[in-house]
Structures are given as structure tokens and as C-alpha cells.
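Data block below; observations after.
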Amino acid sequence: MSHNSFGHLFRFTSWGESHGPAIGCVVDGTPARIPLLEKDIQHWLDRRKPGQNRFTTQRQEPDEVKILSGVFEDPETGEQVTTGTPISLHIENTDQRSKDYSDIKDSYRPGHADFTYTEKYGIRDYRGGGRQSARETATRVAAGAIARKILPDVSIIGSLVQMGPHAINRDNWHDAVIDENPFWCPDKEAAAMWEDYLDGVRKAGSSCGAIIEVTAKNVPVGLGAPIYGKLDADLANAMMSINAVKGVEIGEGFAAAALSGEMNADEMSASKTTDKSAPEFSSNHAGGILGGISTGQDITLRFAVKPTSSILTPRKTITASGEETEIITKGRHDPCVGIRAVPVGEAMMAIVLADHYLRNRGQNG
Amino acid sequence: MSHNSFGHLFRFTSWGESHGPAIGCVVDGTPARIPLLEKDIQHWLDRRKPGQNRFTTQRQEPDEVKILSGVFEDPETGEQVTTGTPISLHIENTDQRSKDYSDIKDSYRPGHADFTYTEKYGIRDYRGGGRQSARETATRVAAGAIARKILPDVSIIGSLVQMGPHAINRDNWHDAVIDENPFWCPDKEAAAMWEDYLDGVRKAGSSCGAIIEVTAKNVPVGLGAPIYGKLDADLANAMMSINAVKGVEIGEGFAAAALSGEMNADEMSASKTTDKSAPEFSSNHAGGILGGISTGQDITLRFAVKPTSSILTPRKTITASGEETEIITKGRHDPCVGIRAVPVGEAMMAIVLADHYLRNRGQNG
Amino acid sequence: MSHNSFGHLFRFTSWGESHGPAIGCVVDGTPARIPLLEKDIQHWLDRRKPGQNRFTTQRQEPDEVKILSGVFEDPETGEQVTTGTPISLHIENTDQRSKDYSDIKDSYRPGHADFTYTEKYGIRDYRGGGRQSARETATRVAAGAIARKILPDVSIIGSLVQMGPHAINRDNWHDAVIDENPFWCPDKEAAAMWEDYLDGVRKAGSSCGAIIEVTAKNVPVGLGAPIYGKLDADLANAMMSINAVKGVEIGEGFAAAALSGEMNADEMSASKTTDKSAPEFSSNHAGGILGGISTGQDITLRFAVKPTSSILTPRKTITASGEETEIITKGRHDPCVGIRAVPVGEAMMAIVLADHYLRNRGQNG
Amino acid sequence: MSHNSFGHLFRFTSWGESHGPAIGCVVDGTPARIPLLEKDIQHWLDRRKPGQNRFTTQRQEPDEVKILSGVFEDPETGEQVTTGTPISLHIENTDQRSKDYSDIKDSYRPGHADFTYTEKYGIRDYRGGGRQSARETATRVAAGAIARKILPDVSIIGSLVQMGPHAINRDNWHDAVIDENPFWCPDKEAAAMWEDYLDGVRKAGSSCGAIIEVTAKNVPVGLGAPIYGKLDADLANAMMSINAVKGVEIGEGFAAAALSGEMNADEMSASKTTDKSAPEFSSNHAGGILGGISTGQDITLRFAVKPTSSILTPRKTITASGEETEIITKGRHDPCVGIRAVPVGEAMMAIVLADHYLRNRGQNG
């Protein structure tokens, strides 16, 4: 019932504030003897790292992860592997310009959790948002790197499918394009258009939202459990826990409401392979989950990220003592936080799947 | 880590299959000395009860709830009140026409969990869908009735805001209208139109989806906790766990992606009341939650229900032994299961809020 | 974090008061397709059932268990088996002489939880002790019957090794004797002596305590996990949760304090079997658990039960309003509640092992 | 369901191996605005620190704790206080003589978890025992220091009441003596005698066990909850989770078995104070807990620690490949690990009480 832990058999506990000495997490429940080096985790952290282009915050954090526990040399291979004990991951905060935030010490930034933290706790670490900062998501990406190792056959791909009001054209979708632009956008033309759009947003001191899509391929059948261990419900929880997320949908999602039962049915035909447990589905409106349990089809979900709340345009607000004022958030901010949410969404997908994989093996081994 | 329990300090565990002798739940963590009679729960069950008009399943279940434990006469008032011990709620299944389902024993209904249950467990209770039946949601409504008692000042109102492709006109919204039509529709004109539309759907042997909106008013500030105890993440989990739900959004939801930071900011001005902790917000794009913590504004969410999978139109599928076949689901089904999801969504909102109310009191007393 | 649930992957939630309409529990996490009939559970309940001889309470409860959910006919064998969904067990209370307890309505019985329940909750169901009654342990025995089915090769044997001040002579231990006397005593001579002793205790309106030993044989190596999932720590929790238990020890237990390191060492020699993972141990001071993980040796533990608090000798106490008074507990009580704790201790052992078996399979499957 | 976390609302997650770069823990659920400096934690760590006299391991660890998150300056007082977010505690391992352990790499030390870790995980960090090392208990002491701050009025005192076969004389008990000898012994004469005794044990290359008693004074009434949230059951779990502990008892403990019901009854008389909720008890056989709930009396428990398994006397064992061999554990070890278990037992008592204090406030606030 910890507020800072996620998962059950595969479970991680995150800690740290934006401008404290470090952030990190403890990853518990990883099976033993899985090869794990720091660079395996660093690979995914680097994808999320800020300051890589003009569209993300200019904060320069190397985000170097250290593994402080839970690994040892394998008795047979000599490789560094997991031991089944908790893995402590540690990332120093190196670029903390605390002075940037001194003017928001006493005022509540609209759209941020300044007001609610203060009301709930009577105190908040205002430096860079403290615990509410998206900096915490680095620990999710690190934990997600370990989760991926538990399900080596599963591949998870996130991408941005809408920036502000501009959606991609799905006919232009190419997986290979995703890594070739700063937006994880699968549509080359949309990516080009977004570049101009986002420059405009940034120059106007404004911000925009985004929609992210995450797909998991090659997921085993049978992950998730009725009724309150449903895979889709846990995914919804996972995605909604990411900073600034306001909506989650699985498969057809909200559009399913407008479909007829006939249209929405994913019909089945006999498997063309020798694997009886993998029928052919005519479609995947369900997004790979039926009754809370994975079908073996691709799991697809989307989540919506609101526009970055830190903007250069002044907004009305109040101070902690109830005085009316205006606020501009200077700092170093992403005009579209949705971009950096892509690797975070991938990580949370990996974490949920790894947890359910272990849970399923436990109950139905 | 139980798969059939929901919540933490306020926690309920549900059990039962559609065509077993009974369904029920155990509600744990209710504070002591809260007045509780069976009729307090029955009131909400009756709202959900099927067979009340031609638009919901004709299954006739009185759904009479019995309280088997956890209540006793109050030492001072003599009223029946909670005692702080677990409350066992019991609802008999009285109208189980098992024969209706014999033809689906060996075939997987598209859109249902027949395939996934069988793959995961090697067995499924096929009578009326067994555990995957929406009948389980009666226990949620019963638990929700107790949850409401923990937060007596909070009012929770659910309504249908879209049926199939037909959304309401929000300018026509009147709370009073919601209870005056069979759809919990706040827009009188839409309700009239839906009546014809749904008759058509039903006569065509088809089905349609829906979008439900649930609002909680008068919610205390400070419910929910960062990072993995966020109120919105728990609400997303709760709603996505309801049968047939494919999407959840809070406040502005998916539409937030298309807004600018300026537009999406909920500006604050000084409270007009003496209560410093309740500033005036200019808007509620956030849906009453910032950083995972309630702001004191109305909490608003929407969830999408897919079209009923049980339809009279034949669909292609396979049998458990891998043969191709076609299937029609006869039984007694709702053409739009979204209608009956309204009270279930309300109940889950109440359950999440009650749990977080107790959790918040525990950590921040 | 429910107060009335026990276990993680194998988890049961109990409910019910001594004099309510029924008691029961929900057993969650049982793997699918395990044969399970009511009589499989009834077998163990009958062992615990009161009123079987003059040494246990004369309350006459048939304690007939009903399975309300979670079972169905196996698709291959046609047997009734588990389905992987929650199993609801229901036991009616049939012999509730509420009048016996009316005089303790306002006074706190020493040694009972009357005072603490009232202080904590402001209310207590005083009929037969309500929720604090040992009647709740029937649900543990029922859940334990299912737990045993998850580990069919493990055998669990409980016995009474001390009644009041009178310990058995371990040289006289014969497993076969345990079922041949009303005390589950493995020492025939001690059992004979205890019969006279307990008659004396009963006639004097007094009561006595007991020490119970529970052994699990044929336990797989590897159950339990460091640091806060230790098998022995979970067993200590389980046993201490039984009514009237005041101490728990594993293996050598408290006596280990007086041993030297050489004496306490369980030396190992090469396995005489082909199973490399089962070395020969020269002794079992550890009680089958090292570092919180099972060694494959017998798991042995003992727990101490205090003398029954309900006695016919008057004791000083106070009323709920603070007046001094004396109290005699009439009712129908066991002079030695430790006797009926034997099957309960066995059940809790089974439950803990089953849970850890599933957890181990999950993490290390 | 994490294996390395303890507690519910107040919850800590520990990580680290004896000879890794560091150990630490994340403490979650601490209420906000509690003053907390590193020195507040250091105070308790210093009590546990090894190498302080010739009776504990000569390993020289400064055990300097760093707070990496969860604290900030209080908006009113300017003091460093908790913020309600997770507190990450970090202790470097500075004196890791890994070479001492190279000879036990392939052999299983009797009484240690070498065999069980290897069987369960297929790997173990053999350096200094890795995760099974008592070094982990430093993190418990650190977490316990925070727990104490949640219940500032409660005082918790641990002491050694038996070393090897030599128990204290309770008539000689003086609290003030506890801190004046290297054993936390409340009996001056026993302490003097133990000094000689333990010198003999150490010189003989042997080891001895101990019994520790922990008392909590000024505990609020009402902590703990039936049936599976009992305070005594959670304390039993907590103490049994400490390295080398083989038994736990509350109040009268195992001796209660030999008492009559009359003798064991803690009679009540009217409170001599104005506080109606605090009757006078004639005795405290119950150890301050009835029905799993605190009575307001002192909570007293004892736990037994087995003799240190690492001894200089050769013991028979096998290697990982099944060869028979003998083993001597050189390293730097305590002849009586029970001494250093005293502050650990205190810490676990504090942690359990703090957790139940928050849980009680949540459910019954």
C-alpha cells in the first residue's frame, strides 16, 4: 500500500526529487540469473534523456545509472547477472539550477501540483517541482529496462501519433521512421510538419499536448486475471500515473463506442500455424486483451498528455497566503512533454507485462 | 495481490459466477458506527437491476442483498451500524436459465473472454459467461453503497453522454433529467432520439457502445498521493476494470492534447469564502485532480464501453478444438451494456474516493 | 492491506461473527483444475468441530461448508474442479444461544478483547465474542483444506505436546497415537494423564493453556524469500494470528539460545539419493528453514496457547462506563482452547506453504 | 507483495549486500513536517555499529547515513522536515575485505543460508554472506529511527535478558544499567558474569545464543486490528524476520501454557486518572495486547537468537558440487549476534507501531 511502489511480483519503488542529490528506485522480484549491466539500462535512459535537441528541456543531465545491489557474477558464465535480490538503481542529479525556481516558491503554478501538495502536506519542495517533476520518470525507464529482460521475446514500441491538434496519417506509418526524428513519429511527413509547428509553439512561449501510442508485440497468451487483476486495468493505471496524462484507451478505445457489435467483433479462424493456442483474428479492435487477459495479439494502447503547464505566458494564480498574482514559469521546459513521455509509456508497458508474466506463472505455472 | 480484491484501506473482495448459487463480496475496512441497513444497499442495486425496461436484459433478478456480518446495534442509538469488521454481502442468483448457453459451451464468442479464460485456466464456467459476466458488477454497486456512506458529503452522479455515434448536446444538460429516462441521459432530446435508435439496434440483432460520464461533487482537497497512489490513476484502474470498458479520461481527457498551455491552464483567484484552502478556479480542465491529488473541484471522468459482444448476427469463430464455425449469442442481452454501466461507474468512483479518504487520513491525519 | 485477508498469491479473506447468520471466507488464487468437493473441506472441518467430547465446548455446530463459487466440471474428466476464480465458502451458524451472553454486554471480560474492541471501534458485537470468537478459525480450516490441495505431496501433522504444565515424553512419540485420543497427543501415557488433569480443571471452573507442535513433511526446497518474505516470519505471523496464541518458535526455538554454535550447526553430508539438491543433514535444529527459505527438511514449529479466558471463577473487571464489578463467564467453553487450535495450526501451515509455493513459482518458476 | 518491503502505510524497502558498494532503504508513508536530520538517524545507527568493543565484530564501518530524498525546509520553522514523499537512506560499505570469504565460495556454511539461496536462485553473492548478512539490519535501524518520530511519546527499550544458558535475575533489573555495559543487560551482576563467559566462548572459537526483550511504553490504546492485522502477529513477523531469530513470544509467552485461567487473567479496576479509557490492570500477562489490539499497557515481547553460525570450530558440510568437506568460518564475527540484535528489535518494534498508528488513524481516525 506504499504510495511510491508499482507492481506486485515485479515491483519497483521510486524515490527522489528534481533538485535533491539523486533520484533512484529499488526493483524487487526480478528472477535470478538474468544478465544485467549498467549499459543495458543506460541504453533506454539515453533515449529519454533531455537536452538532445531543441524540442526538449535544455537541462543537461547525463543521467548515468549505477547499479548498487542485486547483481553478481554468474557461477557458470561469469557474466554479471541478477541474483533475485533487490536491485537498487541510483542516478545523480547533476544540473540543478535551484535559483531558476525561487520565484515560484510562494505561488501556485496553474496545472501543476503546487496547490495540491501544499494543501495535502503543508509543505512542498518547490525546486524544479520537487517530487512532482517529470524527472521521476527516469526511474521508470530504468526499471522498465529490467522488465524488458524478463520478457525477452516481447518487443515494445512507442510513438507519438498526435502533436497538439495535428494527428499523423496512419497510411504513412513506418516503424523505421520512429527513431529517425526527434518526436518518435512514425509518419515522416507529420514529423516534418510538427517541427515547424513546435518551433512556433516554443517561440510563442506556449506549449502543446500529444497522444502517444504504445504497442507490445509477441505477448504470451494468458497474462492478466479477472476481475481486479485485469491487464488492461493495470495498464490504464500505469499510463495514468505518468505526469500530465489525462486519458488512456486500449485497442479501439473511445472510438469503440460508435461501432456496432458486428463491426467491433474480432472474428477468429483456425490457426495457420501448428500452435493451436494462437487462432487467427480477423482484426484487433480489442487491442490484444479480452476479459482482462492477453489474447496473444499485439497489445495496443494510447494515452493523451496535456500541454506542458510551465509556459512563458503569464497566468493568474494565488500565493500560498491567498493573494492574487500572475505567474510565468521561466526555467527550462519542454514545449511538448508528450515527446519525452514516449519512452516512459514503453517502460510502463514493460513493467506491467513483466509483473503479470510472473503473476501468471505463479498462479498457473 | 489478490486478483479479486480492489482497494487498500477500504477494500472489497468479490466472488461468484453468473449461474452459480449466488454472488457476493466482502467489504473490509469500513469505519465503525456508520448506520447501515440492507435497504441502504438495495437502493443502489435497484438502480442497476436488469429487466426494468425493454432496453436492458430481460433476465429477472430481484438482486436482493443480505448483510451477513459486520453490523450490530449501536450502543447509544440502537440503530444497526457497522462494527469495523468485514461486511459480507450476499446476493442469490435466482433466474439462471443455464440451457440458453449450452450451445456456446465449446465455441469462443468473439469479443468475450471465452478464448482467454480457456487458454489461461484450461477451463471456463460457460454458463452465462461465468465469472466474466457483467453480473459481477452487482457486487461493486453493493460495495459502492457502503463507500458512499464513508463520504456522506460527496455526491456522485453518472450519466450516459453518448450512445453509439450519438452524443448529447451539452447545452441541454439538466441533472434532473438523468433519472427520468431509461438511459441516465441528461439531455431530454437525446434521450428521446436514443429510444428510437436503440429500438432499431435491438431489432437488427445488433448492439452499440456508449460513453459514460461520472462526476463527484464536494470532494475534499488532498485525496490521492504521488506517485503510484495517484487518484486519477486509481480511477483509471477502477473504470477500466468494468466489463467492456476500453477507455478512460479525466477532465479534458484526450481533447487536452489539442489545447495550448494557456487554454488548458485552470487559473486561480482568491477564495470568495472564508475557506482559504478553496481558491476559485476559472475552469476545470484538470477534472479536479492535479499531480494525482484532488483539488476540491468536481472530479469528472468519462469512460467508453464497447458494443455488447453478444449479438444475434452470426460471427465467425472457432471451437475449443480449433474447428471453424459461426456463432449467434441467443440468451437475454442488453443491446447497449453501457446503460447498466452507469451505476457501476458511480460505485467505482465512490469506492476509490472512500479508499483514498481513509488512506489520506492515515498518512496525514 | 485488508485486515481480514491473509496471504498473497494464495489469499483468503474471512468474515463473520460468532452469532451472526453465518461465517465464511473467500479463497483467491487457487490454480485451476484442482479437484475440489465440499466433502474435501468438510473432512478437515469435522476434525476441528466442537462438541465431540467432554473436553471441548458443547456448542453443537454441524459446521457444514458450502462452496458458492469457483468450481465447475472439468472439460476432460467431468470432475468438479477449481476454475482459478475465487472460491466462496459459507458455513451457517446454527446454534447461537445469544441469551448466554447478555450479562457480559456491558462488562469487559479479562483476557478477552472486549475492552480493546470497544476502545478501538466504540462498539462490539458481544454475542459469543462476535468477531473475536474462535469460531472464525473454522474458516481458516476450510481455506487450509484448499491450500493442502495445492501441495499434494506435503503432509502436515499437528499435535499437542504440552497441556497446562504437563509436557509429553518425546521418547513416547508415535504419530499413530495422535488421532486416537481427544487431545491430538502423540504420547499415549500423557494423553491418559491429561484426561484426568483436564477433568479436574473443568470441574474447578478453571482452564489451562497448551503448546502445539506442527510439522510439515516433504516440503520442496526453496519456499520463502529474503528479507521480508521469509517463510519462518510468515509462519510466525500466521500462528500468532490464531486466537489466544502468545508465542511461536521454529525448530530449536527458544532453546537455541542456550546452545553453542557447534551444537546448533546442522552439518551436511552428500546426498545418499540421486537428488543432488537434497543433502543429508545430521540434525534439524533449524526446523527446516535457513535464511527464511525451506531446506527440504521437515518444517517444525511450536506455538503456545494461553489458558481459556472464559472461566467460572469470578474475576474483577470494570464496565464500559467505568464501574468496578466481578465477572463469571458462563456460556459453553473449552477448558483448554489449545486442543482445538491443533487443526487450526495445521491449516495455517498449509496456507503459508501454498502461498509461498505459488510465489516461488512466480519469481523463480 | 514485494519480498524486500515491510509495513503497509508506513513501509520501508531495503536493498544491498554486505560487500556491494552500499546498502540502504526507501521509507515510504512518513507523514509530512516531522523534523528529520541525518544525525537523528545516525544516533540509532551508532548504537548498533559493530566494532565498538571486543564482543562484536571488528569490522570497522562508520555506517554514515545520508538522506537522499523526502526532506526539505519547513515553510514556517525553516527546520529540515519530512515532506510526505519517500525518504531514501544510503549507507556506504567502506570496509569490505572480500578476500576473507573466498574460501567459502563453493561450500555451504551450516546454519547459514548458503545452501538455500543457491538452491532457490542458482546463484549467491558469497562475499560476507551477501544479502543474508546481518549488515542489512542497519537499514532497519535507520528506518526505525524515522518510525520513532511518528510516535514521539512512545519509548522503546530493548535489552538482553539471557546470554547462552545464563539468564538475568529480574530482581536486579535497572533500566539505567542497560546502557552501561556492552550487552544492553539490565542486570549489573549478570553483565559482569557474561563478560567472562563470552570471553571464554570467543577464545574457544565457539559462539552462543541469546534472548532479547523489547518493551514499548506509553503505547496508545487501539493499535492493531482483527483478524489478520493483529498487532502481535505483525510483531511476531517483524522479529522473526531478523537474522538468526528462532522464536518470539508476547507477554507471558510460552510460560502462559502452564498457567491457570485465573492466574493469567489481567484483572481491571477503575482508572485512577481522569482518562476513562485507561483502566488499571492488576497485571500484564497479555503483554499489552488483547485480541490483536493494544490495551495501553506496556507492550512486552521476547525473541530468541540462535548462536552465531560462523565459528572457528570445523563443521562438516558439502560443496556446491556435492563433495563432502569441512568448513571453518574465519572472517570477523560476533561470538553472540544476539547483542547487536537488541537495537534491531527496538527498530522493528518502532516500525510496527508506527505502521499500525497510521493504519488505525486511517480506519478509525
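Just so it is clear, A, B, C and D label the chains in written order, and each chain counts residues from 1 on its own.
Just so it is clear, a contact is a pair of C-beta atoms (placed from the backbone, for glycine too) under 8 Å apart; a residue touches a chain by one contact, two chains touch by 3 or more.
Here the structure is a predicted model, which means the values were calculated and not measured.
**Q** Common contacts of subunit B and subunit C?
**A** The shared contacts of subunit B and subunit C, listed by label, come to A, D.
**Q** Looking only at C-beta pairs that count as contacts, which pair of chains has more of them, A-C or A-D?
**A** Counting C-beta pairs in contact, A-D comes out ahead.
**Q** Could you say what rotation angle superposes subunit A on its sequence twin subunit B, using C-alpha positions and rounding to the nearest 5°?
**A** 180
**Q** Hey, which chain ends up farthest from subunit D, C-alpha centres compared?
**A** Max centre-to-centre separation from subunit D belongs to B.
**Q** Which of these pairs, A-B, B-C or A-C, matches B-D in more than half of the residue pairs in contact?
**A** The same interface as B-D is formed by A-C.
**Q** Any idea how many Å lie between the Cα centroids of subunit C and subunit D?
**A** Once rounded, the distance between the two centres reads 27 Å.
**Q** So, what's the distance in Å between the C-alpha centres of subunit C and subunit A?
**A** 45
**Q** What whole-Å value do you get for the distance between subunit A and subunit D if each is reduced to the mean of its CA atoms?
**A** 38
**Q** Can you tell me which residues of subunit D touch two or more of the remaining chains?
**A** 1-5, 8-9, 14, 29, 32, 84-85, 120-121, 131, 225-226, 359, 363-364
**Q** So in the complex, which bits of subunit C are touching subunit D?
**A** 1-6, 8-9, 14, 108, 110-113, 115-117, 119-121, 131-132, 136, 162, 164-165, 201, 206-211, 221-222, 225-230, 232-241, 246-271, 276-277, 279, 282, 285-287, 290-296, 304-311, 313, 315-318, 322-324, 338, 359-360, 363-364
**Q** Along subunit A, where are the residues that touch subunit C in the complex?
**A** The touching residues are 1, 9, 29, 31-32, 84-85, 225-226, 358-359, 361-365.
**Q** So in the complex, which bits of subunit B are touching subunit C?
**A** For this pair, the touching residues of subunit B are 1-5, 8-9, 11, 13-17, 20-24, 26, 28-29, 32-33, 66, 68-70, 72, 74-75, 81, 83-88, 120-125, 130-131, 320.
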